[in-house]
Amino acid sequence: MNTFGRSFRITTFGESHGPAIGVVIDGCPAGLPLSVSDIQPLLDRRRPGTSPLTSARAEPDQVEILSGVFEGKTTGMPVALLVRNTDARSSDYEMLREVYRPGHADFTYQEKYGIRDHRGGGRSSGRETVGRVAAGAVAAKFLARAGIEISAKVEEVHGVSDPGAMEEEIRKAKQSGDSVGGIIRISATGVPPGLGDPVFGKLDAQIAGAMMGIGAVKGVEIGDGFASARLKGSEHNDPMDGTGFLSNHAGGILGGISNGNEIVVRIAVKPTASIVLPQKTRSVSGDEQTISITGRHDPCIVPRLMPVAEAMLALALFDAWLEQEKYRAFPQERDLK
Amino acid sequence: MNTFGRSFRITTFGESHGPAIGVVIDGCPAGLPLSVSDIQPLLDRRRPGTSPLTSARAEPDQVEILSGVFEGKTTGMPVALLVRNTDARSSDYEMLREVYRPGHADFTYQEKYGIRDHRGGGRSSGRETVGRVAAGAVAAKFLARAGIEISAKVEEVHGVSDPGAMEEEIRKAKQSGDSVGGIIRISATGVPPGLGDPVFGKLDAQIAGAMMGIGAVKGVEIGDGFASARLKGSEHNDPMDGTGFLSNHAGGILGGISNGNEIVVRIAVKPTASIVLPQKTRSVSGDEQTISITGRHDPCIVPRLMPVAEAMLALALFDAWLEQEKYRAFPQERDLK
Amino acid sequence: MNTFGRSFRITTFGESHGPAIGVVIDGCPAGLPLSVSDIQPLLDRRRPGTSPLTSARAEPDQVEILSGVFEGKTTGMPVALLVRNTDARSSDYEMLREVYRPGHADFTYQEKYGIRDHRGGGRSSGRETVGRVAAGAVAAKFLARAGIEISAKVEEVHGVSDPGAMEEEIRKAKQSGDSVGGIIRISATGVPPGLGDPVFGKLDAQIAGAMMGIGAVKGVEIGDGFASARLKGSEHNDPMDGTGFLSNHAGGILGGISNGNEIVVRIAVKPTASIVLPQKTRSVSGDEQTISITGRHDPCIVPRLMPVAEAMLALALFDAWLEQEKYRAFPQERDLK
Amino acid sequence: MNTFGRSFRITTFGESHGPAIGVVIDGCPAGLPLSVSDIQPLLDRRRPGTSPLTSARAEPDQVEILSGVFEGKTTGMPVALLVRNTDARSSDYEMLREVYRPGHADFTYQEKYGIRDHRGGGRSSGRETVGRVAAGAVAAKFLARAGIEISAKVEEVHGVSDPGAMEEEIRKAKQSGDSVGGIIRISATGVPPGLGDPVFGKLDAQIAGAMMGIGAVKGVEIGDGFASARLKGSEHNDPMDGTGFLSNHAGGILGGISNGNEIVVRIAVKPTASIVLPQKTRSVSGDEQTISITGRHDPCIVPRLMPVAEAMLALALFDAWLEQEKYRAFPQERDLK
């Protein structure tokens, strides 16, 4: 299932080493000024090859708008966005054709589909997120017009939270042929009350699904998250006065509906699965092997996941926004008649 | 949105103090022996009034099968399950008509819908989960035939993990007019490799959405979860040998697809929002108030959420199972021709 | 798949001779005054036993609202509607347990599901439409507030179009142990331009699916329908002047979107499959048999399908209305900024 | 809504005069040998510029596979297919920017979206069907492996059914600056019993929606269609003997489920809306005008719709096939235990 969303539906396609990667946005409202310059900067943030601490793969990730925009504005038709793959050194991966990399989806794809594009993980590659980030840029532009802003920051890398120490952890991991994970906090300000649909389209449920659907994410929290399990009701409930809520333990969501406070989400990112250190594994045919993965990999994927996590939050929020729109007319009507 | 699932689709309905509560299961395969006795025991586990530490509301929660079963077997038609509400003392809630309870969905429902059934929280009540548990029982029976078993246990209440100490925490909370939260671990054994659909129907994404959609849940982890953010790749990756995986940090899911290991999920449950201790809040019209909630409430909802969490995992897994089924035929065909 | 609609989603359940029949409406906007008296009259029109020319089954079809309405208004929560079956003489059908009735779904249900509720056709019975008509009544009430009115009329019975002659055709069919079909015209006035979503959610495509999904319907036309295949472009195109369209060959839909004209739909209804005249058929185990069906059946189902067809058009239109709503906000926004 | 299907989901994108047109297939089973040569011949059949009686637009319609195929086989990942537009003479359409063509979607798109790509009808152009035909080719290849073959033929053009007379009608229409419509019969052989999901996923309902969603189609019939409304039950019911059905008035579908007979569908195609003859219309701003449309248009679109109608039937059938697959496992299981 390569579609996310109910009203603002994105369908991503493409593999790490195929000809191209992209996304089709269906349900994109008409009338939004949209050009490549709205999307490219986000892709550039996600892009590899921009720092000595990230993968050396050098992809320009130049996006092309194939449909849904006419004379600079969206038309209500599907917006298709395409990025050609250029620096795909498939030969790097030939050795992986017959072996399962620990921590990767190689084994499960082979089991499920009976076939697998082993080149760079095929579609299970982080490269698939290009489509998400491109579509998220469109969602974010709509949200910005409604005063909603989304941002992410790295809270922890390998248990440390000082930026300099974080970088040092990544450097050490790289030097030792290992990798590290971390925690990202994503938040949205300016979200009005009312987004989210009980009981199975709750905003927090949509966000949790969106975040856990990012490769490498193993945990999601809203507001106080796991810490709330150790609080008392008198500590966790957010009291109100005439002006609004006096605290935000709930992370901006009550009963699955936004309450007007900042939406606060935290995600746990596992350490990159591809490491140089030798690991025990097996081949497709079942033989035990030891593997050392020496391709172009990020020793810590956390910084590059920030724009992806922002994109997924933008997509979840704008989808909830459109879902909410359709129920406005009749209550308003009611007041008039 | 009151429907969960793509192939095994459940739609729940009913409010805490309405005439009835129930669920319709669409996409239920034919041929499963099914009777009230498959469902009632699960509802009894979820039921209030069974311990001095839970709500005193005494609901028999007797389920009736309205359709989809003929001569003791499912027919492939929608299975509708109904439970009548009986002990609904709506007058207890009259005082809540004009006031928002902190930590509850009162404010957000009013903002979203412009109207709200204030009696016991209406549909945002935990009572809505009756339908989920009933449908989960049907999913669990299918799964059991395939050798898949699901179970939940309380790992923590208010930060303590010894069963006696947990009970003591609940007792203390009750005595002080307060409430406590906790952590539940839910797991599934016997899950074959191959369940889950990249990239937006990943099994972990489906489970995360399912769990975060339970009222009071504020965090979800798969496998090592947040702890994985503090591990190195060499510690977190699960190595393999010829017999399978040698550890299960991943919690049974790789690349969004089950890998044959135990599926391990942990959820953070916030403390019950309804407490006797006085809290600052506001009325619907905006006046500041102090509220003390004295109805029949659980000082800790964690134990009663266990069957709900099991139900949601069963629903997510069986839905993934059916989704997987549809792609089996052609690969098999391929081998033949 | 027992759910219809994308925004106003109805899920029907129940069999002809099970305990009850009903519907859950998910996505019902809040704030609509709704009571049994809005729904019961429609069910009464659909009801059997009201004329010597219809089935003698005497069902009161008394509807109960189980959820989603509070103090007389919809709350935005799912509206569940239930009708108990009372006059279910299952013994009438015992003879049909082992035989396939020609023109019925007996054979196909058995092939598909390996099990079949043979009593009155189970869920393939026309009785399933009770849920559709009940839900359609709710949709129609919303539409009426927006000035949209739906009505159906019988245009033909067995090829004749004079009302007296139609009744005579039905009487003759009944006397000879046979049955007849006919044609119904359904139309909607007051539909604003803009409903319908290209390219796969076109209003005419939604209507065609809705109508062909009614048992016994074998053809659907929009506007001039099959006659348009024999016209020239210069005859079929609806010219415009400054006030609007000068004709309505298109039946109110252009490019899958309503154009403000009357929506005109015609459906072909086959003759009732249950007839007294002897027919060749086979048993479940494969033996050839001759069958004469003597239960309580309508010699012509056309008149009783009118409220069903109206309901399906109301459901399709209101669903399209809600889908349209979600795209209004941003174009308006555009004009402001 | 630019997605069709539940299990085999296609999303089309692109406009007549945009950079490209294409489709993403989500839910495509793994293991099917697939190359451009499976798709190109179908596109070539649909292509304009191949006869003096069709549009003179000369598009090579060369398809590129962007994802989902690895070493010649589908991988279970989304299959993205792209066709670049080349012969897009947008200037031909400049005169249409401010005027509504009768019989076209110009007016309704403008009303719905507040913006419209006037070049060749934008997305309401028949060119959008390139994506459908490409995806249909993939569905048809799967179906062929299961022994299911689909074919279409033109039954009528402007009321005549002799092939030579049909061509003459088209020639006359072209000469007089007018256009004609017709009727296409599409059928599928080798369809096993069991496809289709009551009550809203009926095979005939899916097919009717699929066909009515093709631009220019104004009517759909299954089996005897409208003629069945003039038959008696004793004439229309298909009797059975031990070997199967003795006739096929039902067109291969009973109760919304395939019965093993040939699936027979007929569609009514209206005359091409673009004609040279002068027509009354209005401008976007409301002025009355007379329009004569002189671009490159087919005087009769019927022949070129054949591959489109075949594609839609293939898509509906293969989607129903996959939906059916998921319910097979448990009945089989039942027999074993």
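In this document, chain identifiers A, B, C and D correspond to the written order of the chains, with residue numbering beginning at 1 in each.
In the analysis below, a residue touches a chain if its C-beta (ideal position, glycine included) is under 8 Å from a C-beta of that chain, and two chains touch if they have at least 3 such contacts.
This structure is a prediction, so every number in the text was calculated from the model and none was measured.
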(request) With contacts defined as at the top, give the pair, A-D or A-B, that has more of them. (result) A-B
(request) Pick out the pair in A-C, A-D or B-D whose interface repeats that of B-C, meaning over half of the contact pairs match by residue number. (result) A-D
(request) Please indicate which chain is farthest from chain B, where distance is taken between mean Cα coordinates of the chains. (result) D
(request) Let me have the rounded angstrom distance from the C-alpha centre of chain B over to the C-alpha centre of chain D, please. (result) 43
(message) Counting only Cα atoms for the centres, state how far chain A is from chain B in Å.
(response) 25
(message) I'd like to verify one number: the distance from the centre of chain A to the centre of chain D, where each centre is the average of its C-alpha atoms, in whole angstrom.
(response) 36
(message) Where in chain C do residues touch two or more of the other chains?
(response) 1-3, 12, 27, 30-31, 76-77, 109, 112-114, 123, 198, 323-324, 327, 331, 334
(message) With touch defined as at the start, can you tell me which chain B residues reach chain C in the complex?
(response) 1-3, 9, 11-15, 18-22, 24, 26-27, 30-31, 64-68, 70, 73-80, 82, 109, 112-117, 122-123
(message) Show me the residue ranges of chain B that touch chain A in the complex, using the header's touch definition.
(response) 1-4, 6, 12, 100, 102-105, 107-109, 111-114, 123-124, 128, 156, 158-159, 173, 178-183, 193-194, 196-202, 204-213, 215, 218-242, 246, 250-251, 254-260, 268-275, 277, 279-282, 286-288, 323-324, 327, 331, 334
(request) Spell out the part of chain C that touches chain A in their complex, as residue ranges. (result) 7, 27, 29-32, 76-77, 142, 145-146, 198, 322-331, 333-334, 337
